[in-house]
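The following pair of complexes shares a single chain, subunit A, combined with subunit B in the former and subunit C in the latter.
Showing the complex of A and B:
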């Protein structure tokens, strides 16, 4: 189980590294070009490429963060077992839903 | 002659530090200090040692909070002012005074399948293992461990996860994963891949920093993570 989680977290980290880079470069570009919120939304709305990119970003976060948190909670608070896994699955779903909602918000 | 102020742990899990004054000598090791206390000041002091020359690994203790071989640690290397604090190795139950119970430590070697297993018999010819192969180089880099427990005592992951197999057992498993004569994989990889296995390591590198043999268990554990991942992707686990 943990070997699979470890591998998933590392693979998600690779995806995250690329996504964070693209996200930051895009933000810096938007700020330097003086784009307004309306202009940014004008470019993201209906753009399936950005929507897909942010969905991948959100998926990577939803995989990466709960696995890391699992190790922290297990070691710091000796919380182990099914209750921990259940709680972190719920946390992963929360991250995925909140992130997907944000991505949908700039797409629709 | 100047004196050393030495605080030594006395008792078992419950106990206290007791202070002794020990004459300062030239080229004095921490083991010399402990031996002086036991021979001249308090014969009830319990501690372990055997070879005195860094071969047996039995004199590991915590000196000023850091796990070390006391026989190979000169007082000048570790003294703070004129004070020394000597305690049993951390992360192990204390039997008495400076003697830690190593049985749990070695049980974890067994749990990590640290025993060589082969289906070759004495009738088979010698296995030819080229020292130039990557596997042999990995094994060579980790093989000199003598099981002193310094890395285990230094490991913060062991401290917060007592089930964790620890650097020495995982280092041993890594040497066998790379031993082409051994046939205990992938069971061994399965044994070291659990919640208490190599994936619990956070790469603090305390084990590699303090290993008296200058081995790098952290690198061995990273190797195990790679090997387990590869086996997982191949569907062997």
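Showing the complex of A and C:
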């Protein structure tokens, strides 16, 4: 179980590395003229490539972040067991659903 | 948790990776909620974006970009240490920390210069 979670987190990290690089460059470029709904939605609305990119980004972070938090919470607060796994599964679902909602919000 | 001494760059790098990861995890639901404002229409998203034009919010955004860049570059370093040949990476591991730190601050500076 631990080994599978570790591998899943690292595989998600590889995907995230590409996504974060694109996100950082996009943010730095996008804020040059000041952020506006017109700027953001002009880029994303109806654009399947950006929608797909953000869905992959959200899926990878929904896998990566809870597994990383699991290790940190266990080490810093000695929180382990089913209660921790249940809380982090809920957090993963929150990230996945809220992230997909945001991606849909800027696409539709 | 043991705080690293100043002579332990690898422990500092591990601490930065963990703290940045936790802070970014806490920020993500807020970020998704904010971008979800687009569901209410462009005017609602613009109203939120207008709120973000405050200097304090800009400072927070620059901090978030540095955190994201630090987790990104530090994470790349960790992936290299875990998956590449240690005999090739090992002698450079402190240099990789310096490159990761420099790149993170560079991303933050680039973002700051563009947003301010």
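As a working rule, the second predicted complex is superposed on the first by the 102 of 108 C-alpha atoms of A that agree within 3 Å, B and C clash if a C-alpha of one lies under 4 Å from a C-alpha of the other, contacts with A are read in each partner's own complex, and residues count from 1 in each chain.
What we mean here is this: a residue touches a chain if its C-beta (ideal position, glycine included) is under 8 Å from a C-beta of that chain, and two chains touch if they have at least 3 such contacts.
The structure displayed is predicted, hence computed values, not measured ones.
Enquirer: Using the overlay on subunit A, decide if subunit B and subunit C clash or can fit next to each other.
Expert: Aligned through their shared chain, the two binders fit side by side on subunit A.
Enquirer: Once the two structures are placed together by chain A, how many degrees is the angle at subunit A between subunit B and subunit C, based on Cα centres and rounded to a multiple of 10?
Expert: Reported to the nearest 10, the angle reads 60 degrees.
Enquirer: Just checking: does A:7 make contact with subunit B only, subunit C only, both, or neither of them? Give me first, second, both or neither.
Expert: It touches subunit B, and subunit C stays clear.
Enquirer: Does subunit C touch more residues of subunit A than subunit B does, or is it the other way round?
Expert: In the superposed model, C touches more residues of subunit A.
Enquirer: Given the touch rule stated above, what does A:75 touch, subunit B (first), subunit C (second), both, or neither?
Expert: Both subunit B and subunit C are touched by A:75.
Enquirer: Let me test your reading of the model: by the given contact rule, A:84 touches which partner, first (subunit B), second (subunit C), both or neither?
Expert: It touches nothing on subunit B or subunit C.
Enquirer: Given the touch rule stated above, what does A:99 touch, subunit B (first), subunit C (second), both, or neither?
Expert: second
Enquirer: So in the superposed three-chain picture, is A:55 touching just subunit B, just subunit C, both, or none of them (first/second/both/neither)?
Expert: neither
Enquirer: Nearest CA pair across subunit B and subunit C in the overlay: distance in Å?
Expert: Scanning every C-alpha pair, the shortest subunit B to subunit C distance is 5 Å.
Enquirer: Enumerate the residues of subunit A that count as touching subunit B in its complex and touching subunit C in the other.
Expert: Comparing the two interfaces on subunit A, one with subunit B and one with subunit C, the shared residues are 10, 75-76.
Enquirer: For the complex, give me every residue of subunit A touching subunit B.
Expert: By the definition above, subunit A touches subunit B via 1-7, 10, 71, 74-76, 80.
Enquirer: Spell out the part of subunit C that touches subunit A in their complex, as residue ranges.
Expert: For subunit C paired with subunit A, touching residues are 1, 18, 21-22, 24-25, 28-29, 31-39, 42-43, 45-46, 49, 52-53, 65, 68-69, 71-72, 75-76, 79, 82-83, 107, 110-111, 114-115.
Enquirer: Show which residues of subunit B lie in contact with subunit A when the two form their complex.
Expert: 157, 160-161, 193-195, 197, 199-200, 202, 225, 228-229, 232-233, 237
Enquirer: If you look only at subunit A, which of its residues touch subunit C in the complex?
Expert: Residue list for subunit A touching subunit C: 10, 13-14, 16-17, 20-21, 23-24, 27-29, 31-32, 34-38, 40-41, 58, 61, 65-66, 68-69, 72, 75-76, 91, 94-95, 98-99, 101-106, 108.
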